[in-house]
Amino acid sequence: MIIVVSSQATPENLEHLTAVLKERGYDAHLSKGVETTIVGAVGVMSAPDEKQAFMEQLETLHFVDKVVPVAKPYKLVSKQFHPERTVIDVRGVRIGDPAKVVVMAGPCTVESPEQLHEAAQAVKSAGAHILRGGAFKPSTSPYSFHGHGEAALKMLADARDEFNLPVITEVMDVRDVQLVCKYADILQIGTRNMANFTLLREVGDAKVPVMLKRGMAALYEEYLLAAEYIASRGNYEIMLCERGIRTFETYTRNTFDVNAIPAWKELSHLPVIADPSHATGKASLVGSVSKAAVAAGADGVIIEVHPDPAKAVKDGAQSLTPEAFSNLVVELELVAQAVGRTIR
Amino acid sequence: MIIVVSSQATPENLEHLTAVLKERGYDAHLSKGVETTIVGAVGVMSAPDEKQAFMEQLETLHFVDKVVPVAKPYKLVSKQFHPERTVIDVRGVRIGDPAKVVVMAGPCTVESPEQLHEAAQAVKSAGAHILRGGAFKPSTSPYSFHGHGEAALKMLADARDEFNLPVITEVMDVRDVQLVCKYADILQIGTRNMANFTLLREVGDAKVPVMLKRGMAALYEEYLLAAEYIASRGNYEIMLCERGIRTFETYTRNTFDVNAIPAWKELSHLPVIADPSHATGKASLVGSVSKAAVAAGADGVIIEVHPDPAKAVKDGAQSLTPEAFSNLVVELELVAQAVGRTIR
Amino acid sequence: MIIVVSSQATPENLEHLTAVLKERGYDAHLSKGVETTIVGAVGVMSAPDEKQAFMEQLETLHFVDKVVPVAKPYKLVSKQFHPERTVIDVRGVRIGDPAKVVVMAGPCTVESPEQLHEAAQAVKSAGAHILRGGAFKPSTSPYSFHGHGEAALKMLADARDEFNLPVITEVMDVRDVQLVCKYADILQIGTRNMANFTLLREVGDAKVPVMLKRGMAALYEEYLLAAEYIASRGNYEIMLCERGIRTFETYTRNTFDVNAIPAWKELSHLPVIADPSHATGKASLVGSVSKAAVAAGADGVIIEVHPDPAKAVKDGAQSLTPEAFSNLVVELELVAQAVGRTIR
Amino acid sequence: MIIVVSSQATPENLEHLTAVLKERGYDAHLSKGVETTIVGAVGVMSAPDEKQAFMEQLETLHFVDKVVPVAKPYKLVSKQFHPERTVIDVRGVRIGDPAKVVVMAGPCTVESPEQLHEAAQAVKSAGAHILRGGAFKPSTSPYSFHGHGEAALKMLADARDEFNLPVITEVMDVRDVQLVCKYADILQIGTRNMANFTLLREVGDAKVPVMLKRGMAALYEEYLLAAEYIASRGNYEIMLCERGIRTFETYTRNTFDVNAIPAWKELSHLPVIADPSHATGKASLVGSVSKAAVAAGADGVIIEVHPDPAKAVKDGAQSLTPEAFSNLVVELELVAQAVGRTIR
């Protein structure tokens, strides 16, 4: 870590600082300048929690201006410690494969066997690889529909068997993790639960592939630390997912942070999925943003498709019709090829 | 709700819209303008979930520009439906009383019986009313300290008995709600769990006073809906808490949204608490922001105090020393009096 | 406009409102609901300034909850009023042409004839169409380099003649508009001056093609109104430019709002350019984000290229080397073709 | 500055770095750690522009992870270099005096001699010290009212003479600075022009007191650098002004960043004014936020007051009536006294 010392620091202050650092196993390297003195503190690899606390303690010293950490706080999900890219195989679908782009699609909410059947058929025939559908739904309002629960999980499992489409669905409650694992191929952690650390640990223990959505206001570092929670329990099959962040703009539901795609690929070895449906909130923008994501290097997209968006119980405004989705997959294939990949 | 129709809509489109509205029990009132037509749809008080879905469905119509809701989506926490202010009595401490300002204080984390004892003593002798202290700690890093759990809860209960200070502490896991209720007088829901709806429901069932912190990027409406989750289970003893929001500014840990204090008092009858420690992240700013909060009408403040911030295992940089805290309470009393209240 | 009336409004209040509306030439259409009454006010096409003031005046009535505008406040730049897309011809380069993607490139700052010559050569030989280079530089610090001014403009004009590359450069001062017009083919308005309305009017009068960068925190509507300022003076050759917005994320210099590209194409007929250099601030991310922009439908990109980024007087960290740029243009051509366009 | 070197750096890389630093006059102090090497570079006080460019150049080296500046980039406005607080005397009103809180008030826009006369009378009789009023108005829409210009300036000067109230008004155009100086006692730079550097330099040359409003998305450092622009031309009579920043919240017009008040007083010696009218956009919130600002240590407030807000040509919704304003000043005096100051 680096300690920036105030220009008012006395020689005694610097001695005190050096002593405190030595006591905790750090070597102090002083660089004295005209206005400030910088102290480089290098030392034992203490546990990250102690390190963080120690840095905050140093900041309480009146002659310390700031303490700057140097090392990244995550390890298991970091590219630095694991340079080969992770590829997750879900019933034969390879997510993170440099030659492939994976398409996940389906309705926001599983409404009925008929609706899901129609949606799955559309998804399959368009050439998508994985079926999405909500059984447990987070809703801003307590009075909204919260999903059909296990009944919906069963419908998803039936659709998987009929169409040979692996299934992804959200889990919100630590007490439901086992239940959802019985039916789903990929567990989804929603944006509102990105920092629900008890849930992260639980899915870390579950050893099932997980797609972790970025929190609405999460910094890259916080997000990768959330993934590290899962990895730290021994579950390394994690997909990152950019689904739009909250900004001042209100024309779109969220702002799709396309920078995140190449940035996360620099910082981490995990596959990166894009969710243009939630990132825009408008069906008319989903196609363009999907293509942008693939061009930027996303390993996959997840798109809301509904047999009849005008009758959807949720997210109708951002859902594609089967026809629009089918056309989009054709266009996405062209963009995928332009960056050396394929959807097929 | 209001439906704004595109200038390209044909008479047939308008007829179709009117029919759809009538079918769902709404009366349509058309206002035809030069460029746009506005449709006011007034009708049955349908369940909020159906209403929301119906609005999204209407937005999928190609000739509809936007659908604007009119009614507020929360009821139980709304001032409109419950004009008298809620006062919560916690072992004789009245939170929300127009004549009082409540001070909650204590360490970020319960570290040891000695540390908590010292902190509680300082808090009590300064004139504060409620003791805070973390037993279960949310940490951005999986490698950080996560609190002493039940052992810490017991220390809190001991301190309460010794100093006659009701106790507030965070609960993060739905499975811990019963346990925490055994020891705590007020349950705290942290900012990261504001939209953890399963946890909200669980504390709603617990019927214990709850302080719900605003999410880092939560709109007022979303936040009040989170409170509505708790209220909808029959627990009305809810305190709102502004703890700073995430913005682009990095000098401070968060940005304290002081507007929220009078705004929430316009919108809701619930007591409003301010957390200047997390909102600033810097001990040197806590005093000024505490005074601002009281001047703006906050019903209380919650402040981190540590016997020796330079040795705190967490949040040392934002913790006040006992002496600084004691001086602050004296200053806060003057500001409280200036707005017609008292801390005593 | 729509006026949402409070549930406490009396019949007298409604009568008063109706009278006020009538007096100003509006017809009032009431829709009475259980909880609220909505008033649709449709009427004379009053001047936008009066309309805005009138809406604010209505909001001061104690029984009015809110006033919602319906019509978009911009006209000349709106697609609704001008459905054909604008194509701007700059010395034969067609910007906004559905079949073409335009590449603008060059150094952040014009440093010397040699540096610019080298950069222009690299830009030309890679296949780019327009040369960028800063003569007047906005700098956050008063002590930073502010550009070589007219000397740099002359170097740009020389490079244009030598390489047959039209030139784009920033103008910051209303008093420099005439001077810059003497040398430049396209005037650039920087992000910090997006709401410098006196400058907007001046370039509106200049009748030279303008690229208007979006302000760091500008809503789409505010941005399109800034473009409307230019158009309202009779200058319709305006390019929009997404250059990243300010968010909470700090890993990248800004957040590239890729949603804006298809959104602006829905709302406006003006060409849309993307600036991935400022949007990311990191050379390693520029390529991916450029490809994303083209895939999303951008009509062009503007990229910082420097013969030797390690010696750049500004923006070295986000500048591409000639070699990296040349490779990127090859990749961009593939993406352009995937969306039915070409750079050539 | 501090240079964080990648773990992959070779000894040759480090040698190269040291040589580059030495060549530019810096001493390099290496701190080698297990994972990273930190280089503290201390040296000649080079001009800030060269320093910034040099840091960016270092970041282009492939083995450099990041370069962290240490010294603050502003000097003249910094408390470190000028520990005594600045007090600005405007016709006998002392702004920044530790014993005083200054109240500035008046209409958003100067509409007519009658309106201004009524407003000035109300402002004066309530006990405020300075009259505000807009002659040149920045408007988001080109079609809005832009102020009465010089005619309004004359009305302001007349009101000053009649009521003995110094006058503050905005200047937007570099070409109007001399004109506005003829009539105004304090020049206001609006939020949209905070980074209009040519205007900043011009008012720096004018040597008249300036109130510089913070940009909507400006970091503290950027804002203080904008003040430094003015100071660097020899004009030290600068007031800072927090007027709300742009965040995701939409219930209020902006978010008042109350943290900024104590933070700027730590960082700078300049007086700090609060603008609760623009920060909230709602008359019902102005009072509470004004009191918060004074409690947090603001040296003054600037408040919009209109004889009849329901007829205001601009900002009616956030303007106080004379009666509400008069009551507020009484309440503000109580809060001022609670923090050891007075309005009288």
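Residue numbering begins at 1 within each chain, and the chains themselves are lettered A, B, C and D in the order written.
Simple rule for what comes next: contacts are C-beta pairs under 8 Å (C-beta built on N, C-alpha and C of every residue); 3 or more make two chains touch, one makes a residue touch a chain.
None of these values were measured; they are calculated from a predicted model.
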Centroid comparison with chain D (C-alpha atoms), farthest chain: A
Comparison of B-C and B-D by number of C-beta pairs in contact, larger one: B-D
Centre-to-centre distance between chain C and chain B (centres being mean Cα positions), rounded to whole Å: 38
Between chain B and chain A, distance of the C-alpha-averaged centres to the nearest whole Å: 26
Computed distance of Cα centres, chain D from chain B, in Å: 30
Chain A residues counted as touching two or more neighbouring chains: 217, 246-248, 250
Of chain B, residues touching chain C in the complex: 2, 4, 7, 27, 29-36, 38, 40-43, 45, 68, 70-71, 80, 246-248, 250
Chain A contact footprint on chain C (complex, rising order): 217, 219-221, 245, 247-252, 255-259, 261-263, 266, 279-280, 284-285, 287-289, 291-297, 331, 334-335, 337-339
Complex contact set, residues of chain B against chain A: 47-49, 52-53, 56-57, 59-61, 73-74, 138-146, 172-175, 192-193, 195-198, 200-201, 216-217, 222, 225, 228-229, 232, 246, 283, 309-317, 319
